[in-house]
Amino acid sequence: MPEHTATSRLRLSGLCFLLQILNILLFAVFVRYSPEGSPGQCPSQLNCSRRNPDSGFQQPRFQDVHIQVLLSFGLLVALLSRYGPGSVAINILIIAFAIQWAVLLQGMFYFVLNGKIYVGAQSIVSADFCTAAVLISTGAVLGRVNPVQMLLLALLEVTVCSLNEYILLSLMGVSDRGRALTVHTFGAYFGLVVSRLLYQPHKDKRKREEQQDMGHQRDVFAVVGTIYLWIFWPNFTSSTTVHGNAENWAVLNTYFSLVASTVATFILCPVLYEESTPRMVQIQDATLAGMAVMGMAGEMLVTPFGALIAGFLHSPQPSTSSSLCSPQPVLHSRLKTQDMCGVHNIHGLPGILGALLGTLLTLLATADTYGDRLELVFPLVAQGSRTVADQALMQLSALPLTLLFAALGGCITGCVLKTKTLRCSPDEQSIENTVFCEVKLGNCWQKAVYGSQ
Amino acid sequence: MPEHTATSRLRLSGLCFLLQILNILLFAVFVRYSPEGSPGQCPSQLNCSRRNPDSGFQQPRFQDVHIQVLLSFGLLVALLSRYGPGSVAINILIIAFAIQWAVLLQGMFYFVLNGKIYVGAQSIVSADFCTAAVLISTGAVLGRVNPVQMLLLALLEVTVCSLNEYILLSLMGVSDRGRALTVHTFGAYFGLVVSRLLYQPHKDKRKREEQQDMGHQRDVFAVVGTIYLWIFWPNFTSSTTVHGNAENWAVLNTYFSLVASTVATFILCPVLYEESTPRMVQIQDATLAGMAVMGMAGEMLVTPFGALIAGFLHSPQPSTSSSLCSPQPVLHSRLKTQDMCGVHNIHGLPGILGALLGTLLTLLATADTYGDRLELVFPLVAQGSRTVADQALMQLSALPLTLLFAALGGCITGCVLKTKTLRCSPDEQSIENTVFCEVKLGNCWQKAVYGSQ
Amino acid sequence: MPEHTATSRLRLSGLCFLLQILNILLFAVFVRYSPEGSPGQCPSQLNCSRRNPDSGFQQPRFQDVHIQVLLSFGLLVALLSRYGPGSVAINILIIAFAIQWAVLLQGMFYFVLNGKIYVGAQSIVSADFCTAAVLISTGAVLGRVNPVQMLLLALLEVTVCSLNEYILLSLMGVSDRGRALTVHTFGAYFGLVVSRLLYQPHKDKRKREEQQDMGHQRDVFAVVGTIYLWIFWPNFTSSTTVHGNAENWAVLNTYFSLVASTVATFILCPVLYEESTPRMVQIQDATLAGMAVMGMAGEMLVTPFGALIAGFLHSPQPSTSSSLCSPQPVLHSRLKTQDMCGVHNIHGLPGILGALLGTLLTLLATADTYGDRLELVFPLVAQGSRTVADQALMQLSALPLTLLFAALGGCITGCVLKTKTLRCSPDEQSIENTVFCEVKLGNCWQKAVYGSQ
């Protein structure tokens, strides 16, 4: 047993070592800072370069570097309310690895020039979006995979995610700057497909019950997570939107959406449950859903009440079914998929609805209502190389494409993770510290959560 | 009993629903984004428009949107140290509702143009100030009102607060950009008057004792709250002050004031109490008071040692009497007013003293010491349409006017909340989750606080 | 006994009072706001004035004011994971005092003009660096000194630190904008020397064991501290680096360094310990070390993989020896020095290595690789008044000079603190609230930590 433990420990250590050496080598060969070091600089393929070529534009970009880690950690904090501090160590490893890997892979697609990848603030912001998708996916499988599996999941998902993003944003010219599709929808369904492939009926039943008991305990983390999301997310959503006039609306729309979504939770909870006020975890879910739905539509909505309505109508999904982190009955019984943190309701569904809303708003876009913003939000339409209907078709077709990529990528990843050599036996000694193994996990969690009290 | 509970639950849900639908309808009819979407744009009535009409001015305004929620949450975190995570759910509902309502009402006063309200980053910052006043008021009555009452309190207070602000800032031309009067003083006395009207002698005695026991438990939240205030508040205070040279001084003055106020707490605590070092809650109070006193005077003080002295002299009030959240003896026994979170000492008194200090500094203002800043801080004086003495008189008369508004508004609100239909019976099931009812509250608190351990 | 306690209480109170009155008097006599109030303004001796004299430069400086407190509190949060909320009250007092004192002393060196010290955002940022050095030093002696001693330590350390900084940055023209030497190295060795002088063999043994037990308990604080450092520190490191193109690289280098350092912790922990994943405290240490090493080299590194390698190689030190806050065996047994929070490994050693790396990179600096940045990073070299080799020699000689200052200052401070009148007897009543006395400290800690549970 101890030998086995030692092997499993060293396997993670060895994998980290190999991947880090690989990263350093690839960085040494390919990655350089942008020649002039200009933060906003990016080559012509990328959206960003089409606008704001003026130099006064540089300062705000520093903000983005500052914000780069916020998204990942916002999600992390949100996860804390479900899984407690025990799961953080591995998540930080995932973030640390995924950001390097995403800088490399996205650099391959976007920032290559003369065989070198030129990185700047922009590349780290992009890399961070990928990391966010990975964190969303891990939310679906958290507690049922070991660290080695999670690292491989990050490795594969970053690859597929970068590819998907490149096709959508650069080749198809889809406008999805809040990343409703490429982060929220992609991450959620990728994770759910992996979860489906790793499904083990008898082992998971026990856990679900314990999970629900934990709901009460995590209120403090949910408070911190909610405050965190309110403060930093609206600004984040707009970090990649156009600077100038349009950015403002993305922030305000996101903000109005989350406000309405929060109130809706207070309306529905007393009706659907025995509780008079929603739990903090439910409010946190409503906040996340209200923001996910504004991912694509954030900079397209031209009236504040639209954002209020969108947020108001979207809240029900998370609060009805995913509340208290219980896997949804239908998903669980019919599709044999476990959704440990309700990512389907918090990220998947709002992402899809946000994409549909974005398509609708694209159809309604006219030069009158948008004014100067048209060129910023839909550059191809403004240049006359594409009609509004064509753009809307592109926006719409991006949805099935993303789902396809998520499903395919999830399948491959799930199959890889199911490989026998990757499963591990329980590692009793380290159990109090981390999300670890499949067997006896019910007990593990109990230790992880109650151990420190 | 269960039926009664169900009714009380559905009442909150129904009220939320009605108010949210009302908000959406009013937004749909009246609210539009500013035509050019310019974040700093605001019509000519408002202070902001008188200065800095240049376009380079836009970027910093995004910061304000970012900061908009910080104040509310800063207060929220401060309240956490008193009431624990249980009270947060309702507070978030209050914030979510009050911001929408304040955008509407303040829009009516400030941003109307051709029958439409044009919102932008500026309107959300203003709305957030109102929300802060509401949160301060709830601090005075927290634990003795149910959520329905709190929602109505928010509804009424936002109305009166917007009116007061409009009269002071726009009609009278008072310079109060850190909102010493319109937020701190107004919020505190509004809450205290409501608290007086809801006074119930025999029920409140028990609670007070338990409150004091809790003091020790909340140290962690007080640590987080204090750090939060140190980081974000100085910047917040200056978010509405003039950009350019003057902003800087408001930040620095606030910062020097809170530093001195903190040291003063360490000086007085050992003298007045048996403790050698102050509790974190006392340090938090000193921080809040040191900031409140700089509300009006922040941008008028022209020497750093003035801020040090002001902060140093203001600290005693909170640390002597309101410490440990015990209602002040005089207020309690004589005036039959309960001040659950010591808002009188933390916000009320420092606000008044800050206003008096501001008046004094206005009298001393000369073109020599202010230089270019005179036009920014006192535009009417700089334009020659008002003498310094007139301006000081305006600043001074704003104080009784604010107190009058707070008293009248508090009276009306208190009478409405006392209506029998609004009082509710204990809701045993939901008690662990929220501040709820009047009866048996002592027990409730114990459950709310110790329940999660 | 009670009398003795009262004396010890009043001694702290009296000292605070004296120092605060002194501060106010000195501020009143010497300190004024910069005449034009321009935030970026600073006299010609200081580095900052040599570059970016344009007015568009002002806005970002407000960010610095905002960030000023972050560093101190970042460290504070990091300390929380070791010592719990009990130690925070005194730390906040130290910060509040040290910032005023540093504004005064650094003003004497840098900002004096016509007998007045002109303060602005720049001076508070500088003052905050000094405060950070003080906090690092207290990390080495925390738990073994009483508040009065800590206040005196702050008084003396700020003095020596300001002198050291003035000599290095202004007189010698050393480029150390991330403060690898003047903050990290100086703070760490100053604290260690003081710790050596206060060494008491038999009393400290007990405590060490209890400290290790606490490791597990503080995971939540370590999570918060790590997230905090990831978010705010990269931006902080660059707050004093040149604005324009060069800043960007400092942020990115710091970020890559901490990512690699985090992964390295995951590689080494399973090899060196029985644990499969590192504890959060170890991850936090790796984060701090990865950042400290980029202090000087941050803006000099011209390739991303260099930062990855530097972070990767530096991580081992903290994770091998200082983990779990146990004093390092060698330091403890041979040198009779206690390093309560492992400041040698987290700040001292990475600071030294960072300085050596900075020297190496200075030697390699050419006009080709730096381009326009050369003038920003090494103004004297760019102006032709100094060769690259001379600059490298200056950078190198700054290291022993800093160590000398730290050793001398630490000796003097240690001797002062050892004075019999400053030692205090146990103060039983206040013990649960703060780090207090030398005797019976083992018990005290147990109360402080477990008391609130």
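By letter and in written order, the chains are A, B and C; residue numbering begins at 1 in each of them.
Just so we're on the same page, a contact is a pair of C-beta atoms (placed from the backbone, for glycine too) under 8 Å apart; a residue touches a chain by one contact, two chains touch by 3 or more.
Quick caveat, the model's predicted, so the values are computed rather than measured.
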item: Same vs different contact residues, chain A with chain C, by half of numbers used; value: different
item: Fitted rotation between chain B and its twin chain C in degrees, CA, nearest 5; value: 120
item: Interchain centroid distance [CA atoms averaged], chain A/chain C, Å; value: 35
item: Chain C: positions in contact with at least two other chains; value: 56, 59, 453
item: Of all residues in chain A, those that touch chain C in their complex; value: 5, 8-10, 12-13, 16-17, 19-20, 23-24, 27-28, 31-33, 36-39, 56, 58-59, 62, 65-66, 68-70, 73, 76-77, 80, 85-86, 88-90, 92-93, 96-97, 99-100, 103, 119-121, 124, 147, 427, 429-430, 432-434, 436, 451-453
item: Interface residues, chain A side, partner chain B - complex; value: 56, 59-60, 216-217, 219-220, 222-223, 226-227, 230-231, 234-235, 238, 245-249, 251-252, 255-256, 259-260, 262-264, 266-271, 274-280, 283, 302-305, 308-309, 312, 371, 373, 453
